[in-house]
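Dropping the structures in below, format is structure tokens.
Both complexes shown next keep chain A, but they swap its partner, so chain B is in the first and chain C is in the second.
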Partner chain A sequence: MKILVCIKQVPDMESKFKVNPEGTWYDNVDLAWRMNEYDEYAVEQAVQLKGQVGDADLTVFSIGPNRVKETMKKALAMGCDHGVHVADDDSYQKDPFQIASIIAGFAKDKGFDLIFTGMQSQDRGSAQVGVLVAELLNLPCISTIVDFAYLDGKVSVKRELEGGGRALVSCNAPVLVTCQLGLNVPRYPTLPNIMKAKKKEILSIEVAELLNVTARQETSKLYFPEKKGGGLVLEGDAGDLADQLIKILRDKTSVLA
Partner chain B sequence: MKVLLVAEYREGKLLGSTYELVAFAEKINARTAMFLVGTESVLPQYDGTLYLADSNKVGEFNPTLHKQLLLDVIAREQPQMVVFSHSSYGWDLAPRISLALGAAQISEVVDVVDGVPVVPVCNAKLRRQIKSNTDLTVVTLQAGAFGLSNDPVGTPTVEKISTDVVSQVEFSGYEAAEAGGVDLSKATVIVSAGRGIAKPENLAIIEGLAHALGGEYGASRPVVDSDWAEHSRQVGTTGQTVSPKLYVACGISGAIQHLAGMKKSEFVVAINTDKDAPIGEVADVLVVNDLKTFVPILTEKLNSL
Partner chain C sequence: MHFKLTEEQSLVKETVRAFAENVLAPTAKERDEQDRFDRELMFDKLGELGLTGIVFPEQYGGAGADYMTYAIAIEELSRVCASTGVTLSAHLSLGANAVYLFGTEEQKQKFLIPMAEGSKLGAFGLTESTAGSDAGGTRATARLDGDEWILNGTKIFCTNGKEADIYIVFARSDRDAEKHHGISAYIVEKGTPGFSFGKKEEKMGIRSSATYELVFEDCRIARENLLGDEGKGFKIAMKILDGGRIGIASQALGIAQGAFDLAAAYSRERKQFDQAIGSFQGVSFMLADMLTQIEASRLLVYKAAYLASAGHPYSMESAMAKLHASETAMQVTTRAVQIFGGYGYTREFPVERMMRDAKITEIYEGTSEVQRLVIGAAIARR
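Up next is the complex of A and B:
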């Protein structure tokens, strides 16, 4: 079985963001980078599937500048066999259609039985790329899965719906699934596996070899939202803050009455 | 401008988000037609052409068939924009349509400024205006971002549609949300734990404050996904929608899915180390402090009142 998992490196969402000088994206200096949270579930599910079927080859794929290899190493330490890195310093400027085209351009003649992606990224959050890749490859796609089972070539999943219900969907491989938070419990790489991952191969491909389409949309402006007025911000010593808050709760609510 | 609105229907019910699509069209002064896979017994209150496929034949969830039906309607109507909800239905179907028609897709639109759609970036910490480079544009709308000022009225002109395309996937029904557990919707005070509690043992701190305030404790999605709290305590889009007198968000950044579940609370206190966390946008009071330090002190003071 051949399995592909696509991951993205994103900034830690707790970071102090700044707008770049062009005003089109966040400034990428002084940020801590990590694996897109949704993709951690995708990697974990791919590794579990490999463990289940035994005879499987699991490739982790990512697009971006050189630093994304650090995030790929985490996926390798979690259990992926090898990596494919598409080198692109300007990946942040590509639209979802271009990103999906790059992935599909790589995957189209490889015969993957299962492709896992996150359902969206934490920074751009378009929720498009996984579905687009499947459509470009003419594969069935089941998005937003919170439960996954594989048996005899058939994938059975649960799709998460608003309100907490789930849709039960199945389909024969090859298929692409996009992974929602809570699908599984992503493992922490162990030290021996981190050491082993250092020896695993990461193949680099120049983006120009895979990208032959232009963007269908562009960012005209990136900015901070205006703060809602009225909210009181309290800072200082925790004990003083507690006293202030209790007074506010007495004045503005009836819960301490 | 002419737009096609893709309404949503599940388990025999028209979803309320359908009227958010109408509100969006009104905001941009567009003429509309509507698409729905549903049944004739449950029609939207809408004056206009409704292209209706029978969900009993097509299935409520079936991307292959819904895509083909929608492409047929788009060919007839020739809209400049196709509008979905940014929901499990919309974000699944929209990319299939945008790719088939070579259209730009702009996801999770929260506003339109000077005709340009605005979307959130980085967990809603930033906003982005996006320009489409294609004649047809597909958009998905964030839940709750657009609303009608009046109750919807009208009767659609129904145009029945069907398809004989073969499905790629098999949809076999629904599994209901987990029942039982705590009914947070009845609590007058809710103290919720977010990722900021850092480890499951710290949930006791949140429970302690909830107890001191005579309320229940809730949780955000990451806490439930980590199995630190049961699902019935989850507040948000896929959990419970609550409107207590007091909501205390501890270490919760404020993802839109969480805000959707608690923004009707009468009074909101947020406790967060990050002054810029989006939860600050809905909080009446933001206490910038580490919940692990602050909450035990607050609880002790409340208990000795």
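Up next is the complex of A and C:
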């Protein structure tokens, strides 16, 4: 079985973000970088699947500047077999369609049985890349999965729906799934596996070799919304206050349905 | 020379930090208050991560990593829970390392591998009521009787006492020899008849770490449990403590960094006179000094760790690292309490625990005074 897991390196979300001088993205200096949280679920599920089927080859794939290899090392230490790094210092300027095209350009003739991606990235959050990759590869795609099972070439998953519902979906491989919070608890890489990851190969490919489409969308401005005022102060006697509060809760929230 | 961690070291730092924050932090306060050691959290899980044998070769169940990696792991554990930091430090750099450095191949197979793999916890019994900084004052005795050694005496302040499975114990095997000669090292397993545990210490800090008295009453151990050469125990102890100091220095560094991180975050949030207190020079200069001291400690720790890994002498450097890091930990945690003000003095915030935890780092595995003695002696030899 051949498995691909696509990961993105994103800033630590605890970082203090600043808008870059062009005003189109965040400034990427002085940031600590991590694996996108949803991609950690993807890696964990891929590693579990490899453990289940035994005979599997698990590739971790990432696009970005050289530093993304540090995050790929984590995926290798978690159990991926080898890495493919698409070198691109300007990956943050690419739109979801271009990113998906790069991944599809790599994966198209490799015969992957399963492709795992995160549901979305924590920084751009378009939630488009996984779905677009499936489309470009002419594969079925099941998004936002919170449970995963594989048996005899068939994938059975649970999807999370808005409003708290769940849907059971099954599909024959090859298939692409996008992973949501709650799917699993990603393992901590063990020290011996961190040491072993040092010897695992990361193949580097120049982005120009895989990218042959132009962007379909453009981020023209990135900004922080203005700070809201200091909340709403209700006035009146206790009975009045209670009535006002209930009305607000009923009209503006789902606390009182 | 460079000042950047390797990719592997960075990944260890990130992993141990996440582990400490997610797994150790939630119960750190409660374990401190209840004076409770939790073997599963504080040792078994470290074994699962491969941290219980960091520096030992793979053939002995270790991870084959360097002392830098070890220092980083102890720092990150201690940043959240200093008790877990010392549990690992005593296990690895005192207990397991003694067998690694001085054990026979059979002893390594029998004792080092399970310790490095994390199935057996190690401990080190050197200190006695009359032998603290002066290990030559050891009074416990060992007498050869046929194929067995008979141990008698009491060891105090043993970290991981009662919880540990394998103990490195020092006793006087030759009563006629001069003070520092005639001491030998032994490997004693928990459960050996004649080996029991005395009182549990009620400590000011690192309360979640177990500290017990070890009692030997005609305790018979196999002749082959002698560790290293007979009569060389003092030298063995000193050599082991050289490495142990890197562990405690890293622990102190972690405590200081943990307290600093909390104080810095608080100084940005806490408002007085309509301003974040961190914008007042009085607080900001305090934080500047704290971080400068921490960074200096870290460089000393890393240098000692580098020397140890490269096989160079590092006795003086590890003494400097331990001296500076432990005194920094005490100063930084005291100032962190100051920045938190009245809240810092309450149990609601972890900085008071960190201040109590910090104090011991100036005392155990060689007091600050002994570290100065080691450094001074090295200067005199030049």
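FYI, the second predicted complex is superposed on the first by the 230 of 257 C-alpha atoms of A that agree within 3 Å, B and C clash if a C-alpha of one lies under 4 Å from a C-alpha of the other, contacts with A are read in each partner's own complex, and residues count from 1 in each chain.
As a convention for this text, a residue touches a chain if its C-beta (ideal position, glycine included) is under 8 Å from a C-beta of that chain, and two chains touch if they have at least 3 such contacts.
Everything numeric in this text was worked out from a predicted model, so none of it was measured.
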item	value
Which of chain B and chain C A:Val169 touches, first, second, both or neither	first
Chain B versus chain C as contact partner of A:Lys198, first or second or both or neither	second
In the superposition, chain B vs chain C on chain A residues touched	B
Partner chain in contact with A:Val53 - chain B first, chain C second, else both or neither	neither
Touching partner for A:Lys221 - first (chain B), second (chain C), both, neither	first
Contacts of A:Val233 with chain B and chain C, given as first, second, both or neither	first
Touching partner for A:Lys73 - first (chain B), second (chain C), both, neither	second
Footprint overlap on chain A, comparing chain B with chain C	none
Contact footprint of chain A on chain C as seen in their complex	7-8, 10-12, 14-15, 18-19, 48-51, 54, 58, 63-65, 69, 73
In the complex with chain C, residue positions of chain A that touch it	34, 69-70, 73-74, 77, 188-195, 197-198
Contact set on chain A toward chain B in their complex	11, 13-14, 16-17, 19, 26, 95-97, 119-120, 122-128, 131-132, 135-136, 140-144, 158-171, 181-182, 185, 214-225, 227-228, 230-235, 238-239, 241-243, 245-246, 248-249, 252-256
Of all residues in chain B, those that touch chain A in their complex	10, 61, 63-64, 86-88, 91-92, 94-96, 98-100, 102-108, 116, 119-134, 140, 143, 168-178, 188-189, 213-215, 221-222, 224-227, 231, 234, 237-239, 245-246, 253, 266-267, 269, 274-276, 280-289, 293-294, 297-298, 301-302, 305
